[in-house]
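Two complexes, one shared chain (chain A), two partners (chain B, chain C).
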Partner chain A sequence: MTSLKEEVEEKKKLIATLRNKPWRMKRRLKLLKECQAFVEEFEGALGKGKGRKLYAYKVMMAKKMIKFNRDFDNFKTACIPWERKIKEVESHFGSSVASYFIFLRWMYGLNLVLFAFMFGLVVLPEVMMGLPYGSIPRKTVPRAEQDRAMDISVLLDFGGYCKYSILFYGFYNDERTIGVLQFRLPLSYLLVGLGIFGYSLMVVIRTMARNSDEGGDGGDDGQFTFAFKMFTSWDYLIGNPETADNKYASITTSFKESIVDEQENQKDENIHLRRFLRVLANFLILCSLGGSGFLIYFVVKRSQEFANLDQDELSWFEKNEVEFVMSLLGLVCPPLFETIAELEEYHPRIALKWQLGRIFALFLGNLYTFLFALFDEVNAKLEKEKSIRNATIWGLNEYYSNYSSYHNTTDIPPPDIHPADVIRGPCWETAVGIEFVKLTVSDIQVTYMTILIGDFLRAMIVRFLNYCWCWDLEAGFPSYGEFDISGNVLGLIFNQGMIWMGAFYAPGLVGLNVLRLLTSMYYQCWAVMSCNVPHERVFKASKSNNFYMGLLLLVLFLSLLPVVYTIMTLPPSFDCGPFSGREQMYNVVMETIENDLPAFIGNIFTYATNPGLILPAVLLMVLAIYYLNATSKNYQNANLELKKKMQMARDEEKNRRNNKENTNQVMQDLEDLLPNRSLLPPAAEEEKPPPVLEKGSKSPKVAKRPGAAANGKGVNIQKDVSLAAPNPKAAVTHPPGPRGPSGNARGPPPGPARGRGRGTPPSRR
Partner chain B sequence: MGSRASTLLREEEIEEIKKETGFSHSQITRLYSRFTSLDKGENGTLSREDFQRIPELAINPLGDRIINAFFPEGEDQVNFRGFMRTLAHFRPIEDNEKNKDPTASEPLNSRTNKLLFAFQLYDLDRDDKISRDELLQVLRMMVGVNISDEQLGSIADRTIQEADQNGDNSISFNEFIKVGNLQHIYVWAGDHYLILTYILLSVLQDCLCSSV
Partner chain C sequence: GFNSTFCTSDILQVQLSFPPPRLFDRYRDLAPQLVPLDYTDQPDVRLPYELIGSMPELKDNPFRQRIAEVFSEDGEGNMTLDDFLDMFSVLSEMAPRDLKAYYAFKIYDFNNDDFLCKSDLEKTLNKLTRNELTEDEVRMVCEKVIDEADLDNDGRLSLEDFQHMIVRAPDFLSTFHIRI
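Now for the complex of A and B:
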């Protein structure tokens, strides 16, 4: 404050004496302007001069802005849904289980945005500005189906009124513009369909990039892990008993996680046996994957043969053979993989990744068969459509020729047939949409049933049958279930893949998924907290969720391919959907460019799609990717080097202090830190200098294992006392009981006041 | 209650406290009013039961020990001076204080004194060492029966191994300082200050409720 005042004074003096300075005019003018501006700005800060009010106002506004920003940030954080629920799960089950729920919440956000797109830009305009139900053929239930259209069984199969509603592709009209606002529905439909993929891609990659950023400060972790956990894990700001319970549970879990990490570092290395076992395990798993692939192929072939037979003669089993086999594989193979994986003895975090990868491969088989079957159906429908189309055109021509010959006019009104009676083509897009919706619904049902039976019923049985059973159900078989992270994560990812594929053909599917995720969150949180126990080996999830994101990205690409293929190659149905009557679906874009946009944009597009332009662009992008990859690798290496250097410096410090161990060292240390010596215990007399030779010989060990203390005795302790002693398997349901004998704190009378001032060294020694 | 507060605290006392602890005049008067509202027995001193009425301290595993730190050795009551002396540990460190009076002895809220306060929470028998048993006691309070005794023992051993440098199988104050020299424990020590403010806020709530 004073310096500011002095500066203002100085500037004022300068202004006053500026005339006398032997400088050029230009320089003087410049300096004058500067000084005047300075004085005006800061004199107000000092409470005098013209700028005072303005300055005070500015300061007040700045403060208000800061406060507003802080409040807004608080509000945004409070708006994050389910935070408390997830924290509760995390404190009881560890961060790996909680990472699943965080992933689920992220998916919910993504689906909400996709739903907003689909609903706002496609469904709403059609509903508000398009023709209502029953006005044109595509929006009406055909006469033949009308008497069964309201049956529950038909509705549950998504036929009847469901089929001819906004849920599916076939409902949408192909008029170029609708309503007062001239909204271009077909164009919007196509762009939203593709935009869903674009947006999802962007979000996934952005999340991956953001996650990889947080890999940062692992540097200090090696050093004092347990000491930090011991001394600093309690959160002193907790005042709520329930939160305190959660905090106890989370401290316990955190200790357990560290123990597991330690164990993994300490394991005995018999490399050859381990490698052999791992090869064997992978071989077994490849065999089972191959076997399941072949089984699926076989069953699909059989179902194609069955499709040619008369439908009524087949038994239920034969009709649903494919789904049955796929569900069976999905139930049997994952536990099988897990059992085989026990041969491999990986760290639980790595074992989880392997498990995820293998189940992913298994589910790809399912996906392949589903798409295969779907494609066959589409082709069949396209064939049928050709014949119906010819028949319709023939019928219309007949009508026109009859009419003109009968009435002898050329002005022929369109045929006056009720929309329900018009001959309809098989709308293959709606059929595809129905398949996806049915698949999603059955997936939801299976998931919820599995949780209900597999977890809840099992827990009930174990709890209540335990009173009258010969062996202890809770400790032995079957005991309470553990939360199956890999199965659930993959289920979520594949479900999202289905949604992406199906959203183009069934706009209502995204809304369905939003509901499903919402209920899933509450349901699964409840199920986890009430029916599951924590894993026996609680492990810390990897800091970033990038593994899940990577899988999601892969599935995104896999689901993009069929949709883009159908848009580009398959012709749309002639009488249903927003693209009816066109050669290809993307023609709507061409039409828009020709008719609605100015001419030069059409030219631009023609030039831009020239291969001569696209190929160099692709080449450039490839080179850019290579360059950025190389740079990032270099940065990572540099980072590692720096960390190593820091670690070496720390170890050297430690060594230096240990090696110079003599009675003066303690004194020297204290003198560095404290001005007074009241805290110095008379350790000089007590302490026998430990054998310096021992310390010296330990230092190479320290260099090898950074972070471990230079105490050979300590390392042995690790191995003797088993950290592998089993934890009590019960869930952490109650905090540790009464906090120790509270008399302890008051028992031995506290020594003379030390450190609260200038106490004297204890005289009782 | 409020008017009584100001009459019992004289100017000279405030000045002395200010010099000893470094709190400002207004802070001292506010803390005094809160002291009196904590003091249910209205005899100018606080007992252990008064502190245990604060929820943050009640659910804290180390709560008893923190409360104990307020009381000088062997006594069961703490007066306002003692109260302020302990609270002074939690005042945030101000960098420019160092410049003002280099000859004076270290203020109560210096970094080392904060660490010493924390150290004394763990070192129950005041022998300037945190032994393995003391660590085990703390662990048991924090974690209880959910981890087996063997593993608790190993955790305690490992902690000593990490921090111990002179091989006496216990953590002395210097070694504790080295652990605390890294960032995390600053936050922890800073949090202490915050709990005290929260304590005082809740005390205010308390006294409002009780007066209704």
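Now for the complex of A and C:
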């Protein structure tokens, strides 16, 4: 009986692993049929007596479950949107450009989930169960603004009816529970606002972990350079002759470069000169970053002064100085950084990483300047609010005392003022929300305009003016644009940072972003297919996009900080939003714990927030991190040791087979130096030194390999940013053969013709 | 439509989980007059290599002839439906790494001797670079490849050597992949 059961299990395992076997289809099918027949016949026979029917039933349900899972998996795969579109882009432009669209699609999925949270848990309850527009002051346009509230210009500036709608923080009411379901809106608002960050963090880290798992398999980069080039450089996804041409050319160039690297001995490079140049380059770039930071600060200060002057007297330039300067910096600085970076003579992959880091720093500078300007505004509004609040309270007291003295009662009805006439506080949260929404909208406009002008218009000009122009526009300047992958990815990342920051103050922002990503997908796919040409060096995307995920994580933390700071320190406005009237925004959690939850949970929280408990917990976590870090370092070292052992074993094997000729040059020289050959030590002793020396001579060789970090101790940058095809060290001064006569000057180097940094211009207040 | 008349590949596709109807339609579209709609009696239909090699997914691939030869029953590149399915199944995203490595080895083994010898490597390289490199350069690269990957030191790459090397390649799975 047991042997029969074992056989059935074995056959089932065989069916499961059938796909892995490298057999012909016919053989697999035959075996599959046999196994399935066997399993069906004997599985039923195993259950005996009373249990038999139950057993058969269980088996049937298990089979149905498996089939259901399979169908569901198929369905899920079919549901993935835009698969065909991305495949088209991939076959024309290679997997690196397609990786941008895959990243865009991933972002879209993330934003869709965030939108579902925001919409389902905050917006919908307020709309369905809360008070309608016009019922209370915070939901009504003030009397003074009402006649202009429907104007297009006001609406486009997100004033008027837009400002007093569900899009912004100020609309939401602060009643503790609303509607029949007793839905706690303020609590929900706070939790969703923080939950957005939590969910995004979880998803990003999970994706990073998954990516690093797949990419982490790679061993020494220097160990199999040529083998990898030979067997993994052709991208089987290419289905387009132009891309294939580019790929052939790029492979050829890459091989030639590696050959040259292999052939040349230790380059006679002047390390000191190179170091000096690098220090100089970094100094120059720091200067320009500092200069741009100061320029931004100066301009923002000036704009604050301008804000105090009469608005009509300012020219357009003065009104929009800040955005103008930001955009200018965003257009000018990246090419400047690239030019300075040529001094450094890094490996192009490393140079790209430096470049991305510097542009990131520039964007960050923009971002934080915008935030500080915003903070000034918020503080000013808070000041104003204090005075209005005092005035309102004073007014109310006056009303009560007048009423009671006039009517001689103590039962005073609340003042009967139309909501539109009530004096309003400045509501800084809505103002902040409006700023973020305006910024996002202007970013969208800039992006779409750049594509329209920089790609589409350029392509039209090149195509149609070519008939009547003196030089060949298509081959020389300006030619068709290439898709700027890194610029677009950085733009996407920063846009997401904006959304994360602004979502707490403007719940409608996430919905706006979902729409934006959706239209971006279609628009950019169209633009790429119709206006761009494949890169000259078609580079393959590495499966681990961890570099971009790392940037996204950084941006997530950076956008978390301002929001958490404002929740914790700034007092909410007294008359708008779901936290109005409270001391701090997080008080709503305390209230919920006190009023809604049973008493012992309140006790638990009190204990949990005791510093005596938190400090040891933090200490424990720090120790755990230290321990895991140490363990992982140990594993890495063990790995390295094993690799070295394998390498030694290989070399010993090789040596053993070639023991007649001594391939080691050092040993050869030593032998020649020996005065008398007959004085050579016996052969047995001679065998021992070579392995040690082999190892010794092997490591400088490893260090010499282009681009590989010495010993694996240094940062292994290659895996993270394998955007460029490996190894093109110097500029390719001549194209490989069949590229045609004008292939030499392909215009400006294949960087973006338009500014890579579309700096996020903050809108002025 | 795609229904129960199509048993054999139905079973296998359910096992291998890639979308059934499109693949059969692609096969049929290559030669509608040769391929019947009904496969219950397992007709012996073989599409000649020229049709396979002209598929958009393959026509730009320098190794298309080798791919067709490896997956075809007769070794000449003329493929039955089962061979066709086999080919795209191995080249799909879902196929495990070892399976892909096995077939990659066979594809690059031009003389079918179960070893990647120097001449195989030279042919591979020339196909990759469209004969752009000089003879010296080709020779140097092939020597380097054997030097790097040959573990048992017989001057040629066996399947074990190849697999040992290819599992360390970060890009193997993403480049040895055809989406259909």
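In this section, the second predicted complex is superposed on the first by the 485 of 765 C-alpha atoms of A that agree within 3 Å, B and C clash if a C-alpha of one lies under 4 Å from a C-alpha of the other, contacts with A are read in each partner's own complex, and residues count from 1 in each chain.
Keep this in mind: contacts are C-beta pairs under 8 Å (C-beta built on N, C-alpha and C of every residue); 3 or more make two chains touch, one makes a residue touch a chain.
These numbers come from a predicted model, not from an experiment.
Participant: Is A:650 touching anything from chain B or chain C once the two structures are fitted on A? First, second, both or neither.
Facilitator: In the superposition, A:650 touches chain C alone.
Participant: Name the contact category of A:32: first (chain B only), second (chain C only), both, or neither.
Facilitator: In the superposed model, A:32 contacts chain C only, not chain B.
Participant: Kindly classify A:506 by the partners it touches after superposition: chain B alone (first), chain C alone (second), both, or neither?
Facilitator: A:506: touches no partner chain.
Participant: Would you check which partner chain A:18 touches, where first means chain B only, second means chain C only, and both and neither mean what they say?
Facilitator: In the superposed model, A:18 contacts chain C only, not chain B.
Participant: According to the stated criteria, A:241 is in contact with first (chain B), second (chain C), both, or neither; which is it?
Facilitator: Both partners, chain B and chain C.
Participant: Hey, what residues of chain A end up touching chain B and chain C alike?
Facilitator: Looking at chain A, the two contact sets intersect at 220, 223-228, 230-241, 244, 248, 251-252, 255-256, 259, 262, 654, 657, 722, 736-737.
Participant: Could you list, by residue number, the parts of chain C that touch chain A in their complex?
Facilitator: 8, 11-12, 14-17, 19, 56-57, 59-63, 73, 82-83, 85-86, 89, 91, 95-96, 98-99, 102-104, 108, 121, 124-125, 128-130, 132-133, 137, 140-141, 144-145, 148-149, 151-153, 162, 165-179
Participant: Okay, in this complex, where on chain B does chain A touch?
Facilitator: Against chain A, the touching part of chain B is residues 48, 55-56, 59-65, 67-68, 71-74, 85-86, 105-106, 108, 112-113, 116-118, 120, 122, 124-128, 135, 137-148, 150-151, 153-155, 157-168, 172-174, 177, 179, 182-185, 187-188, 191-192, 194-195, 198, 202.
Participant: Any idea which chain A residues touch chain B in the complex?
Facilitator: Of all residues in chain A, those touching chain B are 220, 223-228, 230-241, 244, 248-249, 251-252, 255-256, 259, 262, 654, 657-658, 661, 666, 669-670, 673-676, 679, 681, 683, 687, 690, 708-709, 711, 714, 717-718, 721-723, 725-728, 732, 735-737, 739-740, 742, 744-746, 748-758, 762.
Participant: With touch defined as at the start, can you tell me which chain A residues reach chain C in the complex?
Facilitator: Chain A residues touching chain C: 15, 18-22, 24-26, 28-29, 32-33, 70, 73-74, 77-78, 87, 90, 95, 214-215, 217-220, 223-228, 230-241, 243-244, 248, 251-252, 255-256, 258-259, 262-263, 540-544, 650, 653-654, 657, 719, 722, 736-738.
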